[in-house]
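Naming follows writing order (A, B, C, D and E), and every chain is counted from residue 1.
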């Protein structure tokens, strides 16, 4: 977990494999630029998302959690 | 109050002698002041030990699931408003069968919070407390005082919305008013009034005295999982240490698991040896459930709990 | 069968579609794909989503072929795929059946001199407008007009250009699709344009007959699309190249209006080359040079063994074309069923190495993907970092991990190094995961011991301006992937043997056809019919649109069903309960002979529909007011004798296109026209009047409409707000209707009034619940996807055919029955089904039986076993993991995305 | 969940939910920017961190 | 070692002197309950309280104690660097500790400090560096039964010095060298003071109402007690929470866990209790004490039978009464032991 000079937040992004992960790929294909702070964790569906993961992410010291279905 | 206790004893003895039930679960006089304890009467004679007082703070529904299923067949249970709502919840979650339970309904007198009484006599040792009409007679080594029950009633009893039992087989006393006039919404979720910044301090200093004994979890009728998430090691959701994060994780997740199920019986707060107001978390969640889904747990046997079924008109404004 | 393959001058095996030849080719030519609106190169690929995605060289425009020099593409091709010496190849194919789906050519509106398509730049065809709207089109989806690329504020659509017209072009038929695509283009154009675009559609009859088409039409009206019923004669161009249209309104006033653009809704036609090819193959074409097909065999051409589908057999939209495609496949496979599986090669899968319990040894393959990744992310630094990660025993960089040679090298490395986990840091798993998993299976490793780190689509491509941050992120992603990979365990794909039997519910025309086709394919089938006789609604039909007699066909069909040994018919039987899932259904049938449990692998629902009994137009209070089915019944049984009828009035849209049934029943217009013709034939003096809102004789049925008009059948249009009134007048009837041209009421004495009543669904909710399938609000069964899977249900193993999907004529019902069989055979043809390994599993020691998971499971894949605990039915489980998150006691776990695995990823964040 | 964490003191800006179809690439990009800005504005996380370097 | 006298008004500088070389802790009022806390002002020290809410055992046996840290270093020869936690920084003094709590530490010493080989260094280090100055009970509460547990309002076992509260002055009786170090510099106590202390003790002993018979328990064999029928009625309403064990001064069970984060990690010892099923859960899934009855019985048998048998008569309970007060379902240890004894 490297923090360089200018504060870079670490964000855990839980993306649903069929919808948001697809949108992320499409954003890649169309070369849309966005800040690199999100770290994507692929889940089969937002149904898989459980509060335990959100709490665990905060316990690991991430600055933000984003769940997208 | 005494009339109700007498009715309970008679009914229990009758049920036991007729063999309609194998055991009656009720309360008995405790060896420590203000502490009546759950008591299992198997014979009509034992039924005589049953009492009913404003010190019955445990939720007896808890013992319908704690005992091995096969051992005792039909059980009678003394149940006031919140306990009966817990029984409804347990039936809906397939933990007990309606026909296994014979419910002795009691209008809840509003239980006394023994810490509020203790706080009136800081550092003094109370030797005996007796009920006298609407008041309590508190005796100690060199003092005796009379306190009206209303002033030391438990928070959740004060704002209780359902004093009379929801489902009942036999009533032990006539139904009283359904609440004590407290407004649950005004009292619920006290920390909402705080500044977002201060809330974390308030939360931490409330739970920092927690010694992780899990009495709040074990006193609650909703916590019947074989393996609680705190006991899981692979992966370990919540550490066993006294670190701020572990204690916080435990309390947040325990409260989260009561979402849409907690009947606000206050057993967790009475059980906590450190006197932590754990109801602060559940009252916030139940307030949200009421606002978002207009549902209060354990009121009606048929209603499907809101969090276990998806309806198109569920509120979703928090999703962008 | 001899086939000539034109050369493409690029070796398909070598080409990796990197696009270098396209960039370097100097020659620019109008791009047919975008209707010539923009340019393409001589070395090109037809469109971005071509399959296979391989480039080719356009011989007629390539400078090397014309003038003998340049060769730019050959110099820059990284894999040396360009080969100018390729020639045309003659191939000899040994086949059992042939399916022709050569399709249609959009009509070129140049012959319409008055529309001056050729010289007015802002007069565009519908296909050009489609390209203008498309994101991959010449202006990237930005709505502009070709002349000055300004944003149009007013656009007009002119319908029936090249359809229903015999003087400018020889196309008497209706192309069936133009009305719908015009409305679609208008609605989407309104969405695309910034301010409120004024869209107007000039039409004769608005033909939105398909499923949910009418709703789309109503919504378009609400969105403000103007529908003007007027045939446009000519377009003239103003100074600023905008266009002026003259038209007459319904009440006869002449109007003049300017539009920035005019779209000609061009029809469909068969190109002369296609027609020549069909004749060369000995296939008969009809007058409009479509391939002639019979109603009862909609996909069979005149030559046995040759089948046809799609627009080549007549103008139709995508859902029907896809249905016909499956039907053609079923028909083609029908007579080959004896040789099924004889030519398939058995794929050799090496024995799988047991890795459970060994120390994880992870192999990390970091890909450069040419410059796509390496251009931004420092792949070497990522590889070095990967070496320091726990459990990583082998790291390798390569240029293109997905190329064939790297795949083979990868398989060797897995063997040599004894790797038992593979992490590939490259592109998105959504497209490439199966490819790498195949390689792992080939190397004897369980394919679920695999994880990908998406450092291209979600890292290098989107952070191209921050290379060092992108490299840092790549390391994080690789670390997370390795953390999860270390915890992956080999998963076995569940094998379920498939019961080869089938069940068809509903013994109507569609049901019987389905049963017969299944038998022809060699599968036994149970045909369940509620009634005591086969035939369903078809029993009261006289003839098809093409005049073929229905009754005799029905008799012949039910005989074939009786004689067919593979079909067991259950008459007077109802479905009582359905258990099981795709491949293993157990259905309890309840009939007068008591209950019976039948095992089958698939089910085809063909329960048909029923006729709407109206309560308007004095129906029921006068014997001579009958529904069009009752009239047909009468004609077949002789009760109704056209000779005694001197005046017949037929009223259309009775019950259809109403708020309670906002859909068009599709077949009534054709049926009324055909009845009218029959009456005229039998009794020429009989005066026949058809009162209609829109005559929807789509496709080649338009010829019937033309013939009816020529034979003197009167067509009077009524408005939905001023419906005709029918009163009893002694023996006969009096019908008054407001004539829109005269503007006065018309009084018709009629001996008989026929009502074109709607077709309503059975609303069989109990059947739907038993098979766990869904229905739309009107009660029609909801197909998985309107265009891609029109006969499948969302629930696997259940298919539909006939009226229960949506009202349709006989030939479409038969086609859908054959299509349903083709789809069903995809399940029945394999002995056992492979189910993906990523399914949930429940640890019963932790389960308390509280029931949250089986209430929350979207696929009802979790059942309560005998002692009240939850158990997952792995055939139905789609691996979404909702149960895992909803369970408080943590009993379920999802293989492939285990709690431990996801937690490891979070910890490695 | 979101209201409980907010109630307990974790700033709402740290937890985001959204629905994005696989075709809405631009919406995905806008949401990423929005989430990153809202988290960056709140600075590093202060609460709930399980930090084993701290003495018990 | 003669008794000494300390006037209460001189208590401030007496404690000030002690704070020079000790960290002094004493029961003070915290959130309305008597709790152990470092002494800032001497008048905050409590005198008229029955006992602290929770036991002082976490001074020697903290609920979470880091035993060592480790770091995975690639180029280090054995790949792993380990460093122990630093021992206690400076000496401590527990002032006004109740005799029963002190006796509890003596019971735990028998377990934690047996011989060189198996000493619990963490416990021993803290015990050696701490001096216990007890305060004799003058007003035992109804739930105390220390007299039945080889202990009493003025028992001296485990203490370095014992103080009697004689109203305006304190009689300090040094018991060990450490106690003497504390008491030196005080003038001797008069006969009258000593007599007052004696009779205060007698009065306190008389005031203790509840008593617990242990005679038959000691006679009966372990198996006999184990299979006694009375356990069925005891375990019924127990919730199996962990309150009684965590507030009890003599409960000493713990669980050691390694917590890792990325490359580094730490070994942590946390309190654990025999009430939770996880405590005795085996890796194979077998659990010797699977049922609630076994676990509840274990707690009482361990304190009143196993320890006396193994530690020649020492009882694993000091009768402080905390578990009686705090058990949510009021399982009264006195009633249980009397049932065992019946």
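Note that a contact is a pair of C-beta atoms (placed from the backbone, for glycine too) under 8 Å apart; a residue touches a chain by one contact, two chains touch by 3 or more.
It should be emphasised that the depicted structure is a prediction, and the values quoted were computed from it without experimental measurement.
A.B. asks: So with subunit A out of the way, what's still stuck together?
C.D. replies: Result with subunit A masked: one piece.
A.B. asks: Using the touch definition from the top, list the chains contacting both subunit A and subunit B.
C.D. replies: Of all the chains present, those in contact with both subunit A and subunit B are C, D.
A.B. asks: I'd like to verify one number: the distance from the centre of subunit B to the centre of subunit C, where each centre is the average of its C-alpha atoms, in whole angstrom.
C.D. replies: 58
A.B. asks: Go ahead and note the Å separation of the Cα centroids belonging to subunit C and subunit D.
C.D. replies: Comparing mean C-alpha positions, subunit D is 41 Å from subunit C.
A.B. asks: Can you check how far apart subunit A and subunit E are, centre to centre, with Cα atoms defining each centre and the answer in Å?
C.D. replies: Roughly 49 Å, centre to centre.
A.B. asks: For subunit B and subunit E, let me know how many angstrom lie between their CA-based centres, rounded off.
C.D. replies: Measuring from centre to centre gives 32 Å for this pair.
A.B. asks: At least two other chains touched by the same residue of subunit A: list those residues.
C.D. replies: Within subunit A, the residues that touch at least two other chains are 1, 21-22, 24-25, 27, 29, 32-35, 51-52, 55-56, 59-60, 62, 69.
A.B. asks: Show the residues in subunit D shared as contacts by 2 or more other chains, in ascending order.
C.D. replies: Each of 1, 5, 10, 16-19, 29, 31, 47-51, 56 in subunit D touches at least two other chains.
A.B. asks: Can you tell me which residues of subunit B touch two or more of the remaining chains?
C.D. replies: In subunit B, residues 229, 235, 239, 241-243, 245, 249, 252, 256, 319 touch at least two other chains, as defined above.
A.B. asks: For subunit C, which residues are in contact with subunit A within the complex?
C.D. replies: So the residues of subunit C in touch with subunit A come to 428-431, 454, 456-459, 461-466, 469-470, 472-473, 476-477, 480, 838, 856, 858, 879-882, 884-886, 894, 896-897, 899, 902-903, 905-907, 909.
A.B. asks: Using the touch definition from the top, list the residues of subunit A that touch subunit B in their complex.
C.D. replies: 51-52, 55-56, 59, 69
A.B. asks: Over in the complex, which subunit D residues touch subunit A? Could you list them?
C.D. replies: 1, 5, 10, 13-29, 31-33, 35-36, 38-40, 42-45, 47-51
A.B. asks: Give every residue of subunit A touching subunit C within the complex, in rising order.
C.D. replies: 1-2, 8, 10, 12, 17, 21-22, 24-25, 27-29, 31-36, 39-45, 47-50, 52-53, 56-57, 60, 62
A.B. asks: Note which residues of subunit B are touching subunit D in the complex, please.
C.D. replies: It comes out as residues 189, 191-192, 196-203, 239, 241-246, 248-249, 252, 255-256, 281, 284-285, 288, 318-320.
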